[in-house]
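Quick heads-up: structures coming right below.
Below, subunit A partners subunit B and then partners subunit C, in two separate complexes.
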Partner chain A sequence: MSLFLVVALPFFGALLPGMMNSAGRSACAGVTFTVSLMAFVGLLTNLPAVMAGEVVTARVDWMPLLGLNFTLMLDGLGFFFALLILGIGLLIITYGRHYLSRNDNMGEFFTYLLLFQGAMVGIVLSDNVLLLLVFWELTSLSSFLLIGYWKHLPEGRQGARMALAVTGMGGLAMVGGMLILGQIVGSYDLSVILQNREAIQADPLYVPALVLILLGCFTKSAQFPFHFWLPHAMAAPTPVSAYLHSATMVKAGIFLMARMWPVLSGTPEWFVIVTSAGLVTMVLGAVIALFKHDLKALLAFSTVSHLGLITMLLGTGTAFGALAAVFHILNHATFKAALFMSAGIVDHEAHTRDIRRLGGLRRLMPITFAIASLAALSMAGIPLLNGFLSKEMMLEEAHHTVLFGSHWLVPVMATLGSLFSAAYCFRFIGHTFLGPVRDDYPHKPHDPGAGMWMPPAILVVLVVVIGVAPFLVQDFVFMVAKSVIGDAAELKTKYIKIWHGLVPALYMSIIAVVGGLVLVRTHAPLQKLWETTPRPEAKVIFEAIVEGAARMAQALIHPLHNGSFTRYAMIGVIAMIAAGYHAWATGTVAAPVRELQVAGPVPIAGWAMLVAATVGLVAMHRHRLLSLILIGIVGLMVSIGFVYLSAPDLAMTQFTVEVVTIILLLLALNFLPNRTPVESTVPRRIRDGVVAVAGGLATFGLAYHYMLREAVTTPISEFHLANSYKGGGGTNVVNVILVDFRGFDTYGEIIVLGIAALLIFALTETLLNGPVRRRLLNRVPDQPRSGDMHPMMMVVLTRVIMPVVLLVGFYIFMRGHNEPGGGFIAGLIVSIAVVMQYMASGFTWTSARLRYPYHGVIGAGVLVAGFTGIGSWFVAKPFLTSDFTYVRIPPFHKFELATAALFDLGVFLAVVGAVMLSLESFSRLARRADTPESEYPMDIDPSRDDPDTAKMKEGV
Partner chain B sequence: MTTAAELFDIALIVALIAPAVGQVLCMIRLVIGPTTGDRILALDTMVINALSLVVVLGIHQGVTVYFEVALLVAMLGFVSTVALARFILRGDIIE
Partner chain C sequence: MELLVASAIGVLTTAGIYLVLRLRTFPVILGMSLLTYAVNIFLFASGRLTIGAPPILQDGVTTYTDPVPQALVLTAIVISFGMTAVVVMISLGAYLGSDDDHVDDQPEATGSEERS
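Take a look at the complex of A and B:
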C-alpha cells in the first residue's frame, strides 16, 4: 500500500467515529479498529522491501519554493516505529472500548485517538523535516485533546495545558534547529540531510542547531529537566496513558534522536548533553517512582526513567549503544503498555489506584496478576523476560562509557538506576497483588472481561517470547539498528544472547535485583524519610514561571494595547506621521513637475459642503442622530466627488454602502442614548485634538506633494489597463481587478465578510439567550411613539419598487465585467431592496417569506466562488485562473461568458447574505414584549375588516 | 459657434450652478434646523440635488454611465430618508 494511504487513513478515518457516535459504542470502536487495521496491513505490505534493506519513498511537491515537500520515506527505523504505533494502537482501541464508561463520549475519544495516530505515523514516515515539524505539532495538539478528554476534571485540564505548554515550547525550539540544519545542508529533505554528517558537524551553527533540536526531543520525551509534565498528564484516561505516554508519543523525541543520530551524534557536545541528561533522568525517575502511591504515577515516573535510559544509550554515540536503544524501545513498549493497561484494570475494578489501599489482589484477579507480574518482572530485569536482555546490553554499554573523565560515574549511576527500577517493580507487584486479601476495597475487585485483559496479555506473550527466544526478533532489531546507524559507525555484535558469561554487566544486574529486594523490604521507613525531605514541587515552579511570563507580556503589551480605540488610533497616527516625516526628510525629493489646476465654482461648493459637514460632525458629535445625518452628507458629497472625478464604480459603491451603513447605525442607535456623555478630561481631549490635526495636515501634505509630482515608479494601473481585456476578458478594469487580477484577495475578503456577519449573529444570539433578554424585552421607549407601525403608503411603494430594484441589481451584476458594476454593488442593491421590505412591512411578515436562511446564502457564496477557483484545477491551471468565451444564441446578440462572472456570483451571494444577516440580527435584538407581532404587512388594511372580502376569502 | 451651442452652454452652466446653490441652501437649513425633521428633509433634498448634479455632469462630460449612478441615487436615495424618519417616529426602524 502506498505510504500516502498509510498516513492519510487515520486522518480521514478520524471523521468516522465522531459521526458514528449515535450508532453505538461498539460501532465507534469497530470503525476505529477497522481504520487502524487497514493502515496496519498497509504498512505490513511494505515489510519485505524494508527487510531487504530498501527505502520505500513517496513524493509530492507541496511548496517546492519553500523546500516544503510532502515526501514520505519508510526505512527500518520508520517501519519499526510505525509498527509500534499502529500495532499497539489496535490493542489500545480494543482496550479503550471496554475501559470507557457509558457516560464518556466514545466517538470524540476515538476521533482524537485516530488524529493522534495519524500525526504520529506522519512523524515517523516523513522524509521532509518541515513536514515532520507539522506532524510533530499535530501530535502535541491531539495529545492535548486526549489528556484533557475528561473535561470535567481540573487535573485533566491542567495536565493537558502543561503538556501542551512544555512540548509546544520544545517544538518551537526544534523549528529553529531544523531550519538551521536545512540552511547548512541546503535541503529540507531528511535523506539529503542524513548524507551530510561532516558538513553539519563542521558548521559553526552545529551547536545551536543541536541544542534547539535536543530541546524539542527532551521536552517531548520528558527528559530532565522537562520530565515533570508526564506525571501530570496521567490525569488522562488509562488507554491514553498506555498509548501516548508509554509506547508512542513520548518516544517521538527518542525517534528523532535516533533519526538524527547519524548526523548529530559522535561529537563531544552530543555525548555530554544527551548522556548526562539521560543518566540524570534515569536515576531521578526511578527514585521518585519508588515513593509514589498512585499506580499510574509510579508507572509514569518509571517511564521517565526508562526514556532516560534509552536517551543515555543514544548519547553514547556507539553502534552498540544504538542497538541496545532500539531493542529497549521495543521491549519497553511491550511491557510498559501492558503495565499501564493492568493498572487501568485495577483502577477500573477496584475503583482506586492508590497502592496503599490495595494488596492481596492475587487471588481476586489472577489473570491480571499474571499479566502485571510478568510485565513488571521484565521491567525489573529478571532473566528469560525481554527487559533483562536490553537492560544487560545497557549495563554493558554503561560499563564502557567514560563521562567527565570518570570510569565509575556512568556504571555506578546506571546500576543505581537499575536498582531503584527493580525496587519499584517489586513494590508494584508486592503491594498491589501480594499480601493478605483485604475487606476494605472501594469496590469488590474481580478480573475484567476478555476485551480488557486480552490486549495486555498479547503484549505479555511478546515479552516472554522475546525473552526466551530473542533470535526470533534478532534480524528485525539488527535491521532497525542498522538503519539508525547508517554509515556513521559499524556494528560489531552479531547476536542478541541471553547468556553472556560472567561479565561485569551480569554482576551489576545481580546487584540491582538484590538491592531492589532489600529496598522493598525496608520501604516503610524509607518512605517516611522521603516524605520528611523537602523537595521542589515541579508544578508550583512551572506555574510560577508561566505566571511570570504572562505578567511580563502584559507589562509589555498593556501600554500599547489596552482595548481603547482612541489609543490605537493615536499610536498609529503618530507612528505614521513620524515614518512619513523620516522618509521625506532623508529621501530624495524630486522637483514639482505639474501645474495646479483651477477649480470651478461647483466643485468648490461641493468641497465647501464636505468641509462644513466634517467640521459640523466634529463639533456636534455628541448628538448622535445629528452626526448620523451629517455622515450622510459626507457620504453623498464623496459620491458626487467620485462621479466628478470619473469613477462611477466607486460612486455607486459609496452610495449603496452609505444607505446600508445608515440603516445599520440607526438599528444600533435604538439601544443607545441620544447623546454621548463627556468621559475624558480636557487635557486629554486637547492632546487627542492635536494628534488629529497633525494627522490631517500630514495627509494633506502627502496628497499635495504627490499631486505636483509624477509617480516614483511606474504605477501598476498601466499593467491593469493593458491586460484587463486581453487577459481578463473585461473592459471594466475595476471589476477585472476584483475578480481576476486580485481574485484570491477578493475570495479571502468575502470569507472575512461572512465570518464578520456570522459573528454579529452569534453575539446577538448570545445576548438573546442571556440575562439581557428580559431587559431587552421589557424596554420602555423614552419618547412617545407614532401609532402607525407600518404605513400603507410605504408598504405599497416598496412592494412596487422591489421588482424594479431587483432588475437593476441583475442588470448591474450582468454587465459588471465590461461596464461599471459587478457582484459587490449588485449585492448591496439587492440587500437594500430586501431591507426596504423589512422596514415597510415588518420583521415578522418578511421573515415568514424568507425561503433561504442568510447563513446559507453566505455559505453558498463562498462555495460558489471557491468551486469556481477549484474548477481551474481540472484544466491543470492554478487556483482561480479565469477564462472567457463568446457565444451567440439567436435571437440575442453575441455575448460573453466568463468564469469570472461565476466568481462574481459568489461575491454577490456572500455580500447579500452578510449584509442581511447583520441587519437582521440587530433588528431581532430590538424585539419588544409590548409590540404586537402582526403577520399582516399593514396595520390598517381596509379590506381585511370588510365583511364582503372576508366572505370572499372563505369562499375561496 | 452657433447660437444653439452657445445657448446650450449657458443652460448647462446655469443647470450646474442651480443645484449647487440648492445644496448650499439645504446645508444652511440643516445647520439651523430647528427640528430633526427639518434636518432630515434637508438631507433628502440634498440627495435630489445631488441627483440633478450627477445628471448635468453626465451631459457636461458626455458620459452615459453617469445616468446609471443617477438611477441608483433616484431609486435608493429615499431609503435612508425613510429610515431616519422611521427612527424619529418609532425608534425601531425594523419592527
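Take a look at the complex of A and C:
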C-alpha cells in the first residue's frame, strides 16, 4: 500500500467515529479498529521490501520553492515505529472500547485517538523535516485533546495544558534547530541531511542546532528537567496513558534522536548532553517511582526512568548502544503498555488505583495478576523475559562508558537506576496483588471481560516469547538498528543472547535485583523518610513560571491594548508614518525622470472643489446630514478625476458606488443621532490634527515622489495591453483583466462581496429577533415625517424610467468587453434602478413584486462564475481559461461570444444581489409597528406629525 | 497635475485620519470612506497619470495608460462598498443595542450623558 494511504487513513478515518456515535459504542470502536487495521495491514505490505534493506518512498511536491515537499520514506526505523504505533493502537482501541463508560463520548475519544495516530505515523514516515515538524506539532495538539479528554476533571485540564505548554515549547525550539540544519545542508529532505554528517558536525552552527533539536526531543520524551509534565498527563483515561506513554507520544523524542543519530551523534557535545540527561532522568524517575502510591503515577515515573535509559544508550554514540536502545524501545513498549492496561483494569474493577488500599488481588483477579506480574518482572529485568535482555545490554554498554573522565560514574548510576527500577516493580506486584485479601476495597474486584484483559495478554505473550527466544526478533532488531546507525558506525555484535557468561553486566544485574528486593522489604521506613524530606514540587514551579510569564505579557499588552479602538487607530497610524519615514530616511531615492504635466483651469477647479468639500466635511462633521452631502461632492470629484485621467471604467464604478453608498448612509442615519456632540478636549483635537497632518504629508510626499519617477522594474501592463485582444478577445483592457487575466481574483472578490451582504443580512436578522426589536418598533422618528409617503411624481417617474435603466444596464454589460462598462458597473446601475422603486413605491409594494430572493441572486452569480471556470476543465484547460469566437447572425453586425461574458454575468448577478441585500436589510429595520405599509402606492399617511408642533429633535 | 493629485491624496488622508480618530461611529465611518478614496487614488496613481489615453484598444493608437492599477482599483471600489456596509451595520447594531454610538466602550453607563 502506498505510504500516503498509510498516513492518510487515520486522518480520514478520524471523520468516522463521530458519525458512528449514534450507532452505538461497538460500531464506533469497530470503525476505528477497521481504519487502524487497514493502515496496519497497509504497512505490513511493505515489510518484505524493508526487510530486504530497501527504503520505500513516496513523494509529492507541495511547496518546492520553500523546500517543503510531501515526501515519505519507510526504512527499518520508520517501519519499526509505525508498527508499534499501529499495532499497539489496535490493542488500545479494543481495550478502550471496554474501558470507557457509558457516560463518555466514544466518538470524540476515537476521533482524537485516530488524529493522534495519524500524526504519529506521519512523524515516523516523514522524509522532509518541515513535514515532520508539522506532524510533530499535530501530535502535541492531538495529545492535548486526548489528555484533557475528561474535561470535567480539573487535573485533566491542567495536565493537558502542561503537556501542551512543555511539548509545544520544545516543538518551537526544534523548528529553529531543523531550520538551521536545513540551512547547513541546503535541503530539508531527511535522506539528504542524513548523508551530510561531516558537513553538519563541522559547521559552527552545529551546537545551536543540536541544542534546539534536543530541547524538542527532551521535552517530548520527558527527559530531566522537562520530565514533570508526564506524570500530570496521567489524569487522562488509562487507554490514553497506555498509548501515549508506552509506544507513541513520548517515544517521538526518542525516535527523532534515533533518526538524527547518524548525523548528530558521536561528538563530545552530543555525548555529554544526551548521556547525562538520560542518566539523571533514569535514576531520578526510578527513585520517585518507588515512592508513588498511585499505580499510574508509579508507572509514569517508571516510564520517565526508562526513557532516560534509552536516551542514555543513544547518547553513548556507539553502534552497540544504538542496538540496545532499539531493542529496549521494543521491549519497553510491550511491557509498559501491558502494565498501564493492567493498572487500568485494577482501577476499573476496584475503583481505586491507590496502592495503599490494594493488596491481595492475586486471588480475586488471577488473570490480571498473571499479566501484570509477568510484565512487571520483565521491567525489573528478570531472566527469560524480554526486559532482562535489553537491560543486560544497557548495563554492558554502561560498563564501557566513560563520562566526565570517570570509569565509575555511569556503571554505578546505571546499577542504581536498575536497582530502584527492580524495587518499584516488586512493589507494584507485591503491594497490589500479593498479601492477604482485604475486605475494604471501594468495589469488590474481579477479572474483567476478555475485551479488557486480552490486549495486555497479547503483549505479555510477546514479552515472554522475546525473552525466551530472542532469535525470533533478532533479524528484525538488527535491521532496525542498522537503519538507525546508517554509515556512522559499524555494528560488531551478531546475536542477542540470554547467557553471556559471567560478565560484569550480570553482576550488576544481580546487585540490582537483590538490592531491589531489600528496598521493598524496607519500604515503609524509607517512605517515611521520603515524605519528610523537602524537595521541589515541579508543578508549583511550572505554575509560578507560567504565572510570571502571563503577568509580564499583561504588563506589556494592557497599556497598548486597553480596548479603545481609537487608541489602536492612533498607534497604527503613528507606526505606519514612522515605518514610512524610516524607509525614506534609510533608503535611496532615485532622481525624478518624469516631467510635471501642466494642469489646466478645469482640473484646478475640480481639485479646489474636492479640497473645499473635504475641509468643509472635517469642519462640519458634527452635522451629519450635511457631511453626507459633502462626502457626496468628494466622491463626485473623484469620479470626474478618473474620467479626466483616462479611467472611464473607474469613473463609472465610482459614480454608481457613490449613489448606493449615500443611500446606505442615509438609511443608517435614519436611526443614528443627527449630530455628533462635542466631546473631545481641545488638546486632544490638536493632537489628532497633528497626527492627521503628518499622515497626510507623508502620503502626499510618497505619492508625489513616485509619480515623478519610473517604476523600478518593468510593469507587467505591457503584457496585458499586448494580449488583451489577441488572447482575451476584448479591447477594453481593464475589463479583460477583470474577467480573464485576473479572473480568479475577481471570483474571490465577488465571493467576499456576497459574504459581506450575507453578514449584513444575518446581523439584521439578529437585531430583529433580539431585544432591539421592541425598541425599533416603538421608535419615534426624530425628524417630522412626510405625509406624502409615496409622492406621485416620483412613483410615476421611477416606474417609467425602470425599463430604460434596465436597458442601459444591459447595454453597459454587453459592451463591457470592448468599451467602458462590464458586470460590476451594470450590476450597480441595475441595483440603483431597483432601489429607486423601493424609495418611490415603498418597501411592501416592491417586495411583493420581487421574484427571486437576493441571497439566491448572489448564489447564482457565484455559481455562474464558478461553473464558467469549471467549464474549461472539460476541454482540459486550467480553471477559468477563457475562449471566444465571433459569430454573425443576419441582419446584425458580427459580434463576439466569449466565455468571459458568462463570467461577467456571474459578477453582475453577485453585485446586484449583494448591493440589494445590504440595502434591503437596512430598510427592513425601518419598518415600524404603528404605520403599516400600505398596499397601494401614492397614499397619504394621516397619522403624520403636524409640522408646526413637531420640533426638530436632535440626537443624543 | 501630479502635484494636484498628490495633494488631493494628502488632503483626503489628513481628513480621513482626523475623522477616524473621532469618538463616535458616524464620523469614523466617514473618515474610513475618505481614507478609501485616498487609497484608491493612490493605487490608481501608481500607474502614473496619463491624460486622454484610456486603455481601450483602438487601431492606430499606441499610447495607453496603465490598465492594471485600474483593474485593481475597480474591484477595490466595489469591495469598499461592501466593507462600508458591514461597518455601518455593526455600528448601527451597537447603537440600537446600547443606545450609545461611542466607538470605545464607555467606563460607566452614565459617562456618555455627562460628557455630551
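What to note about this one:
Quick note on the criterion: the second predicted complex is superposed on the first by the 575 of 956 C-alpha atoms of A that agree within 3 Å, B and C clash if a C-alpha of one lies under 4 Å from a C-alpha of the other, contacts with A are read in each partner's own complex, and residues count from 1 in each chain.
Criterion: contacts are C-beta pairs under 8 Å (C-beta built on N, C-alpha and C of every residue); 3 or more make two chains touch, one makes a residue touch a chain.
Just so it is clear, the structure is predicted and the values come from calculations on it, not from any experiment.
When both complexes are overlaid on chain A, the residue A:A756 reaches subunit C alone and has no touch with subunit B.
When the two complexes are overlaid on their common chain A, residue A:L506 makes contact with neither subunit B nor subunit C.
When the two complexes are overlaid on their common chain A, residue A:L902 makes contact with neither subunit B nor subunit C.
By the touch criterion defined above, A:I829 reaches subunit B but does not reach subunit C. Applying the stated contact rule after C-alpha superposition, one finds that A:V55 touches neither subunit B nor subunit C. Looking at the shared chain after the overlay, A:L669 reaches both subunit B and subunit C. In the superposed pair of complexes, A:L806 makes contact with neither subunit B nor subunit C.
In the superposed model, more residues of subunit A are touched by C than by the other of subunit B and subunit C.
When the shared chain is aligned, subunit B and subunit C each come close enough to touch A:S646.
By the touch criterion defined above, A:L596 reaches subunit C but does not reach subunit B.
When the two complexes are laid over each other on chain A, subunit A has residues 644, 646, 648, 669, 819-820 in contact with both subunit B and subunit C.
Residue ranges of subunit A in contact with subunit B, taken from their complex: 601-602, 605-606, 608-609, 612-613, 616, 625-626, 628-630, 632-633, 636, 639-640, 643-644, 646, 648, 651-652, 655-656, 658-659, 662-663, 666-667, 669-670, 781, 783, 785-786, 789, 794, 801, 804-805, 808, 812, 819-821, 829, 832, 835-836, 838-840, 842-843, 919, 923, 926, 928, 931.
Put simply, subunit B touches subunit A in their complex at residues 16-17, 20-21, 23-24, 27, 30-31, 36, 39-40, 43, 46-47, 50, 53-54, 57, 61, 63, 65-66, 68-69, 71-73, 75-77, 79-80, 82-84, 86-95. Contact residues of subunit A toward subunit C in the complex are 563-567, 569-570, 573, 594, 596-599, 603-604, 607, 610-611, 614-615, 617-618, 621, 624, 627, 631, 634-635, 638, 641-642, 644-650, 653-654, 657, 660-661, 664-665, 668-669, 671-673, 676-677, 679-680, 688-689, 691-693, 695-704, 706-708, 715-717, 720-721, 724-725, 731-734, 737-738, 742, 745-746, 749, 752-753, 756-757, 759-760, 763-764, 766-767, 770-772, 775-776, 818-820, 824, 828, 911, 914-915, 918, 921-922, 925, 956. Across the complex, subunit A is touched by residues 1-27, 29-30, 33-34, 37-38, 40-42, 44-58, 64-68, 70-71, 73-75, 77-86, 88-93, 95-97, 99-101, 103-105, 112, 115-116 of subunit C.
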